[in-house]
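What follows is a pair of complexes built around chain A, which joins chain B in one and chain C in the other.
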Partner chain A sequence: MKKVISYASAVIILTVLWGSCKKDEQAVAPPVPENEFLTTVELKVVNESDPSDVQTASWIDLDPDDDTPPDVSKAKLTLKANTKYTVQVLFWDDTKTPRGDVTAEIKERENYHLICFTATSGLDLTVKRTDHDTNSPALEVGLEDEFTTGAASSGTLNVELRHQPNVKDGTCDPGSTDADVNYQITIQ
Partner chain B sequence: MALAKTIAMLVMIAYSPIVYGQCAFTLSGKVTDISGSRVQGVLIGIDSLDKAALSTAGGEYHIEDLCPGSYKVTCTAVGFRSQIRTVTLSENARMDWVLLPDTTLLNEVLIKGHQQEGLSTLAQSSLSAESLFKSRSESLGESLKQIPGLNSVQMGPTLSKPVIHGLHSHRILILNNGVRQEGQQWGNDHAPEIDPFTADKVSVIKGAASIMYGSDAISGVVLLEPDSLPTVPGLHGNASVVAASNGRMGAASAMGEGAFGHRLQGLSWRLQGTLKRAGNFSTPHYYMSNTGLKETDFSAAAGYVRGDLKMNVYYSQYNSKIGIFDGSHVGNLDDLEAAFKRPRPITPSYFSYKINRSYQSVHHRLWKATAGYSFSNNGSLELKYARQWDLRDEYDIDIPYSQDPAVLNMPQVSFKLVTHTLDVVYREPGSARFSGSIGLSGSTQGNVFKGLRYLIPNFRNYGGGIYAIEHYHKDHWDLEGGLRYDYLWLRVYQRNQTTLGLYHSTFDYSNASGTVGAGYRFSSRFSAKLNVGTGWRAPSINELYIHGVHFSAATYELGDSTLSSEHSFNTTLNVHYASGSFQADLDVYDNEIDHFIYAKPTLEPVTIISGTYPAFQYTQDNVRLSGFDLEASYGFLKHFDITSKTGIVRGFNKSIHDYLIQMPSDRFDNTLAYRLDSLGRFRNCSISLQNISVRKQNRVPPNSDYVPPPDGYSLLNADISFQLPLQKKKRLDIDFAAKNLTNKAYRDYLNLFRYYTDDLGLNLVLSGKFTF
Partner chain C sequence: MNRILGIILTMLLSISVLSSQAQQRRLPSYVGITGGISAPSGNFAKDDYDNDRSGFAGTGAMAGITGVYYFKSNFGIGGIATYNDYGFKGAQSLADGYKEAFDVDSSTVDINGSNHSLNILVGPYYGIPLNSKLSLDVHVLGGVVNATLAGNTVYLEDVENATFSQKKATATSFGLQAGAALRYSVTSHLGLMLGADYFTSKPDFKVENENRPLNAGRIITSYHEAISGINGSLSVVYQF
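Here is the complex of A and B:
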């Protein structure tokens, strides 16, 4: 009987050793290449009365999961007073070269997304979304907009990308935030 | 002959008053005939002590006041064969008997029975078979709340984890069928991957039980055990059905078991499976969208007993898909604050069984093989090997930003953990005074993390432990002590985010633990026991390496790879009093934990693209958890009884002189029951009314939470249950329960979804169990 036990224990110990020899934990999975991170939010503004007046403001966080502070040095716009601008909001993955275009995916899922703009009280800026999704009735998206500036002033414009699967109702309340960035705007 | 002996022993009992009150163990069990029906009036005796008992109408017998040691036990009944078996007592033990007709030709009668393992001076409570049956609609964490001192930490209606004396997750152990349950137990929302229907007995050890089970048993152990395999040929089993109005939840579970005779004598088997389905659960005023659940479980066991050798194999599978409440998705702190201000969630209120993103998909498989051998000197050796495979995939509410369909269907985070454990225990033969055991255990784990966002790294660990426990018994005293040494080696594998190069870091942790305990029996009614023990836990992988946003809590968590092990010093005092219709149990405890690891708020918030988050850094402080649990029951007016349970716990951070967060608040559970042993054809009828009152948690550190703890609440539950004996010893158990009878809206401090939604409203539950 003791023989049986010693055989049994030998088998068990071998199984443990064999099982633990498959070292798949050592092959740390590399980042999934087709997955795109949101790293950069750009505002591309074109003066409607002067198409050569084009500006781009960028809010960049190259390590989106990390706690290192974002690069906001280019998150600035200087606009002319009492002027209309055609605006595009662009989302990029700058961890890749060439940079990944996340805007296309958001456009594809426009029925789930809404971009919300909030200007600080001193800033004389009106934002109107000009594009619509395919919900019925169609709701605004905000990837394309029109900025109307008033008198000379300055302040912060907050841009939020809201993710609203199955709950989009045209307001900013439902859903959760995918991007929440600030731009310094000067109107002169 | 048998008759004469019976009469002789009966006379003996009648004329031997209780003069042997100095020893405290009880041998009990049930007596059945070959068809499984319980037999009354069978004499079970220990000749050498002149002690004996007759089985009751339910087939149960108890021989009390036994000293530790080895005894020959006889079982005698007119018309049946006399049987003699040996039992070694170092604990209360059970020995079940199956009677064989006098003329039977079977050579051997097998006895199922086992000694309780563990430390006898630690406070231990179990759920009775009755309360286990009544809580079949609930998760494990919820059903354990019936034991005073236990709570559960929840994430919505379906994810629930047990809390013992204020601590949970990796600070308690769950021993499922004798195996340490290993999943990703560090996460608050990672509920145990166990089908509670597999367990026939659920008990809890409150206190530091590291001595027996190794690291992590800092605050206690939850033990889930199946019934032992059958020994008598024939097919038996049961089928259970549960239907609940809230969530329109349905569960069905069936179990069949049998044993072989003739040439396959000694071989037995069991098959069991469970299906569970629920849709959106509702609060008193609205449904919580996407809170459905789908679960499919299966288990199989086979055993073989031959002479002194016992072998057992067990396999189980747990598969679930659990929806996460839509209203709990917050992108950042602004979202979270907006959610607090809403009196009810903004998500649509509707019923559906459909589970959308986000959800968890969890699979757990367990393989276990045990072999035990009893030596001629009554010592025994047990070997136990188990392999657990755990796969947890979590899908966020957002589909990843990608054009690739493969990436679109990928979980955002995926954990695969494979655990091998090997345990060897030798139980010494034992004498009237001494009993004990020594054990060796070894384990290894490999963790593979994949994800579209980073959460924790891959790792491999190897652990080993050795322990010895000795128990001494004399007169009114029980003394015990134990020593253990553990070693853990951990290697963490990572990839540099920019260069993509692989690198690893290696850690090792070791710890010696000890326990001493004493029990004293003042009288047959009154006893007390005191245990002082140490426990330890190595830091878990998230505490060392987590780095990123904790979804649904809107916090940014930072691990610290320099953290050291936690050490606990736990003192528990248990006092037991039982007299006639009154019974009371009091546990008082103090758990001093050094280097207690917790996430401490840092002053600087973290800004990333999705917003600004409060940051939490894992750090260590010295803390104290103390409190008491009280359970008392009193029977009055013949059919009435009242049971009162109180659980009080206080958590205090000694380093910063402030309270600990997420501590259970004071909980009071009072039940009034009316019971009738029989009513017409019905048996064990009861009707009860229960009040559960939970006070507001006022002991929280300032500025530690986004919103103050919710108000206290008081809920009313009602229950009606009965048994219906059927032909051929078959039986039907029926239970009808109404939970939250007044449909009261409330939020519980330990439910992490209290930020977003009320707790469950009225739930009507009908449970039935057919035993054959």
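Here is the complex of A and C:
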């Protein structure tokens, strides 16, 4: 019976030691192969003074992993001088049929995405983002914008989709780039 | 909880009637060490990233001291002081959830500490002698529970300055425990006990977080769920 007492005491002591010696746990969620791509970036612009004046510029790269350059033949806009335009930035996966709506996913994840616009110095174009996310305070997103043209000019507008998980602060600096495309803009 | 207490009180009455024919003797009092498993239940034991009520507590260990002083009527007063460690269950669920929530390639979650509680409970005991060496001790206890929720730190791959964390949180509340144990008198002064208890408390945790500037990903700022479950224990006691 003394053995039973000894065993019972050992069980209790080992239980205490086991509880106190456990290491802190760590878990890793590893990368998984993607099944969705961002192949097409569109700018859909509507003249605020003439809603029938609608243009769409498309930047397309159906296979970003190979050496084939993107199709920029439709990445052009001709805008009227001294005019305001309502603009939507649209993202698609054109490897799928029907095309995959990546814009909706970015909208769902707007709290850590930001679209940044940079016009070359010769282009008289001002871009203002008009949509906001649900952070507190709310930050701009850039899926919906307003272009304001000035005098006749031409140049390149760079559009960059920034992915800013837990680091979005309203500026374009933090995070990484999900898409980086250029459009040729002519104002006349 | 009320149903369980009702069942225990009914058992008490039934057994006391049945044992009224047994030889009447004062049960020995005891003090000793106790240890065993602690199995939480309910939301506290869930590990669902999408459920803010999940407590991520797993089945763990408990250990402590126990003691009771019996009066001549087989009623006694006693208590326990135990440390229950529930570990942390479901860190992978957190890692997968944060990876999806922030749309990153990979995430790593480090769990800081464990879910645990320190319990000091006292209350009435009733001992039922079954034969010269065996007795059944039943009890209902109340007292103080000081509980801790584990913290965690989340790293998002390839994102500078994005690391965020949920700090460990501690809260104190009233707790209840009810159960029974079979006691075998090895000698007049040495006993072995095998018991089971239901425990419950509901601490009100305030949870602090670091570097959570955005409205994205799971975040809790308070936790107010029952910490309940079953303890299974083995005790070695000195009887007097």
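FYI, the second predicted complex is superposed on the first by the 154 of 188 C-alpha atoms of A that agree within 3 Å, B and C clash if a C-alpha of one lies under 4 Å from a C-alpha of the other, contacts with A are read in each partner's own complex, and residues count from 1 in each chain.
In this text, a residue touches a chain if its C-beta (ideal position, glycine included) is under 8 Å from a C-beta of that chain, and two chains touch if they have at least 3 such contacts.
Note that the structure is a prediction, hence the values are computed from the model and not measured.
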{"item": "Partner chain(s) touched by A:63 [first = chain B, second = chain C, both, neither]", "value": "first"}
{"item": "Chain B versus chain C, judged by how many residues of chain A each one touches", "value": "B"}
{"item": "Touched partner set for A:109, first chain B, second chain C, both or neither", "value": "both"}
{"item": "First (chain B), second (chain C), both or neither touched by A:177", "value": "first"}
{"item": "Touching partner for A:136 - first (chain B), second (chain C), both, neither", "value": "second"}
{"item": "Partner chain(s) touched by A:26 [first = chain B, second = chain C, both, neither]", "value": "both"}
{"item": "Partner chain in contact with A:167 - chain B first, chain C second, else both or neither", "value": "both"}
{"item": "Partner chain(s) touched by A:41 [first = chain B, second = chain C, both, neither]", "value": "first"}
{"item": "Overlapping contact positions on chain A, where the chain C interface meets the chain B interface", "value": "1, 4-5, 8-9, 12-13, 15-16, 19-20, 22, 24-26, 28-31, 109, 163, 165-167, 174-176"}
{"item": "Contacting residues of chain C [partner chain A, same complex]", "value": "33-36, 60-63, 83, 85, 87-88, 91-92, 94-96, 98-99, 102-114, 156-162, 164, 186-187, 190, 192, 211-217, 234-236"}
{"item": "Complex contacts: residues of chain A adjacent to chain B", "value": "1, 4-5, 8-9, 12-13, 15-16, 19-20, 22-26, 28-32, 34-39, 41, 59, 61, 63-67, 69-70, 93, 100, 102, 104-106, 109, 162-163, 165-167, 173-181"}
{"item": "Chain C contact footprint on chain A (complex, rising order)", "value": "1, 4-5, 8-9, 11-13, 15-16, 18-20, 22, 24-31, 109, 111-112, 133-136, 163, 165-169, 174-176"}
{"item": "Interfacial residue positions of chain B with respect to chain A in the complex", "value": "308-309, 326, 329-332, 334-335, 338, 346-348, 356-357, 369, 371, 373, 381, 383, 385, 387, 397-404, 406-407, 410, 418, 420, 422, 424, 442, 444, 446-454, 457-460, 462, 493-495, 497, 500, 502, 504, 547-549, 556, 558, 606-612, 615"}
